[in-house]
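Listed after this line are the structures, all set down as structure tokens.
Shared between the two complexes below is chain A, which has chain B as its partner in the first and chain C in the second.
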Partner chain A sequence: MMSNVIAFEFPPINELLRWKDVWAAGSLNKVGLIAVASALIGIFIFMSAAQKNPKVAPTGTRNLAEVAVEFIEDNIIMQTMGRDGLGWTPFLLTLFVFIYLCNLPGIIPLLQMPATARMAIPMFLAVLVWVIFNFSGIKHQGFFTYFKNVLFPPGVPKALYILVTPIEFISTLIVRPFSMAVRLFANMLAGHLLLVIFALLSEALLQARDKILIPVGILPLFMLLFLTAFEVLVGFLQAYIFTILAAVYIAGATHPEH
Partner chain B sequence: MIVHVTTWHGELVQVRVATEEQTDSAASTSEAATSAPNPIAPEPKELLWGAGSFLVFLVLMRLYMFPKIKKGMDARYNGIREDLEQADATRLAAKSDVAAYEAALVGVRAEAAARVDKARQTLDQERTALMADATARNGVKRQAAEAEISAARVAVRDQVAAAVASVTDRTAQLAVGKKPDASVVAQAVQQAMQTGGRS
Partner chain C sequence: MEALARIAKAAAAAGASAADAKNNAAAGSAGFAYGLAAIGPGIGIGLIFGSAIESMARQPESAGMVRTTMFLGIAFTEALALIGFVVFILLKYA
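After this line comes the complex of A and B, so read on.
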């Protein structure tokens, strides 16, 4: 018995994730370009907002910038760090805006690649957050007190330190940056691959030689549209999660009683 | 490339039909895939550009953009807060003005009511006085009229008595042939008029 099977060639993974250099070899590829563009767009928005008259009702970029500032202050800092954490607003605001702008190109036609779907940027940001929260903890509590509080949490029965100390060491000092980076990277990569899969499937079905398969191609096309809309939410959510985790870690390091 | 699945000795077998070029290409792709870099591993240039972009953005945000935006926001919020406080103060002043006005209005209303009452009392007194005066004047007039009526009645009665006496005197003279005593006739007529002619 012989039967026809619908199949399409799925491109090699590196073809979907690794991009050729824009000009000279080893210089700048699409991911780097998106990162630069994200920073430039962010700088443009906030620079433009800073130039506008603050006394009149905010519109355009000023409105956008103020909404972003209030979002970070009210929904992230006040919820995790309290009023003392307002000094961290510029860092957390930059973190959120940069990640969100790096996520967005995943659904923008022609770009169609979130810069955070590659490990480099999430890893850098996670390591940066790790350095910052450890540095803040050391600065606020002192080197020995900070590590004592991290490795020997107060209130835990001494016998349990045998169990708790290695767990705290691994979870706080090793797993945190790893989990932050992987969470962002894996979510964005999964979204990117889903979009690729449904786009290729739609194309294969809509261009099938067997005409009966063409209407079936509408189904993955609808799924593609739904996932594209869903990725807008995912992009925002991942930026929010990364930023709020950074705030929680910094708050935990600067206020050990939390 | 066309892909088929068929059975061969009871096993499912996937058969790919491809041109020579595609086969070469697939072989090279497969070879490349085995020697390709790890897709998860971060590329140094992406790390460099990503980190550089973020740090530039962060420095500009920290040193210039955020302080300026925040300063403007604070200035506007403070302005709005001051405007609200001023509006509250104005509202309170207006409320106290309204309260004072209402208190004054109550005083004026009480004064007006007192004046109306006083005027009503004065009016009542004047009316009572006028009524008493009119009643007194009416009484005097009534007494005068009654006296006049009584005098007129007496005069008419005297005239009727004189006429009846004259007629009676003439009738008696014609009947008996001699003139009766005038005083007797007058007395008889008086008696008859007093009794209403009833005997």
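After this line comes the complex of A and C, so read on.
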């Protein structure tokens, strides 16, 4: 009896995540469009902020851009890389703004799909960060010194290198990009699925044949509102964490521990 | 594996196909995968937050640095739970 009081069936996952191509087969789908749009919006905000006169009080987009730049400099670079890292502001700012604008459509009505909830974008960004921190390490320390510092960390007894070197190899060169990509992807996917579950649950309850169930539908509706607010936080936090990890990895590669 | 084979045999006796049985077993274990994966990181994040609050209360002037490090620690700890979530998705849908 209980099972058919609410005929609640969760749709197959491809219905939630796989979107049809917009124009023709092989063209962009919704996720791709969101990613392109967030890149363009980010470019537009910072280009229009750069056009404004820096001598007068900031207005509009310039306010936004200044807050973003100060946030990256004070809360990410100064905390992890120190003053030397300020040259990385453009890269980290781009990373942060792009990820944040990709996360945000997860809670915007009608869009309702974070572009980072598909593996392609997090994986690409993680590989990009991987390439950049390795190359900056090689550039700052030289090829052999860099890999010597990564694979044979100084201060470890010689015999332990049998154990330490494979662990360092896996954790630095393989697990880092993987966990970075999975962290962003899984967080956004989990948030998306939670919103779907509570939206479907409240729909099923509010339209239940049994009249007594209709007031109960208020509960998942409130949960949906709460989770939407929570997703605002998660979208910001994941962009922040991805950027700060990129900063930590770059700092670790350019300034080895002695 | 043996358990799966036994389930498949029992299901075949009941008239369901082996693929159905495998799907059911996967769906059943998917929940466990995520539940088990969430235990450790749950405790870990609790410990991180607790220590961070304690150190912020003791030294409010170092709150900024503590917060940054706290988020880093949470990010590393949380990765395990998220991998559990990915395993859940793979078991259930792939």
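In this text, the second predicted complex is superposed on the first by the 252 of 258 C-alpha atoms of A that agree within 3 Å, B and C clash if a C-alpha of one lies under 4 Å from a C-alpha of the other, contacts with A are read in each partner's own complex, and residues count from 1 in each chain.
Keep in mind that, in the parts below, a contact is a pair of C-beta atoms (placed from the backbone, for glycine too) under 8 Å apart; a residue touches a chain by one contact, two chains touch by 3 or more.
What you see is a predicted model; the values in this text were computed from it and never measured.
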> Just from the overlay, do chain B and chain C fit on chain A, or is there a clash?
Replying inline: fit
> Which holds for A:55: it touches chain B only (first), chain C only (second), both, or neither?
Replying inline: first
> Between chain B (first) and chain C (second), which, if any, makes contact with A:179: first, second, both or neither?
Replying inline: second
> Which partner does A:36 reach: the first (chain B), the second (chain C), both, or neither?
Replying inline: first
> With the two structures laid over each other on chain A, which partner does A:12 touch: chain B (first), chain C (second), both, or neither?
Replying inline: both
> How many degrees apart are chain B and chain C as seen from chain A, counting from C-alpha centres and rounding to the nearest 10?
Replying inline: 110
> Can A:190 be said to touch chain B (first), chain C (second), both, or neither?
Replying inline: second
> Which partner reaches more residues of chain A, chain B or chain C?
Replying inline: B
> Now for A:166: first (chain B), second (chain C), both, or neither, which partner does it touch?
Replying inline: neither
> Taking the superposed arrangement, what is the smallest distance in Å from a C-alpha atom of chain B to one of chain C?
Replying inline: 6
> Across the two complexes, what residues of chain A are contacted by chain B and by chain C?
Replying inline: 12-13, 185
>> Taking the touch rule as given, give the residues of chain B at its contact with chain A in the complex, in rising order.
In response: 1, 3-7, 14, 29, 32-33, 36-37, 39-51, 53-54, 56-58, 60-62, 64-66, 68-73, 75-76, 79
> For chain A, which residues count as touching chain C in their complex?
Replying inline: 12-13, 75-76, 79-80, 179, 182-183, 185-187, 189-190, 237, 240-241, 244-245, 248
> Where on chain C is chain A touching in the complex?
Replying inline: 64-65, 68, 71-72, 74-76, 78-79, 82-83, 85-86, 89, 92-93
> Contact residues on chain A for chain B in the complex?
Replying inline: 1-5, 7, 9, 12-14, 17-18, 21, 26-29, 31-33, 35-36, 38-40, 42-43, 46-47, 49-50, 52, 54-55, 62, 65-66, 69, 89-91, 93-94, 97-98, 102, 115, 118-121, 123-125, 128, 185
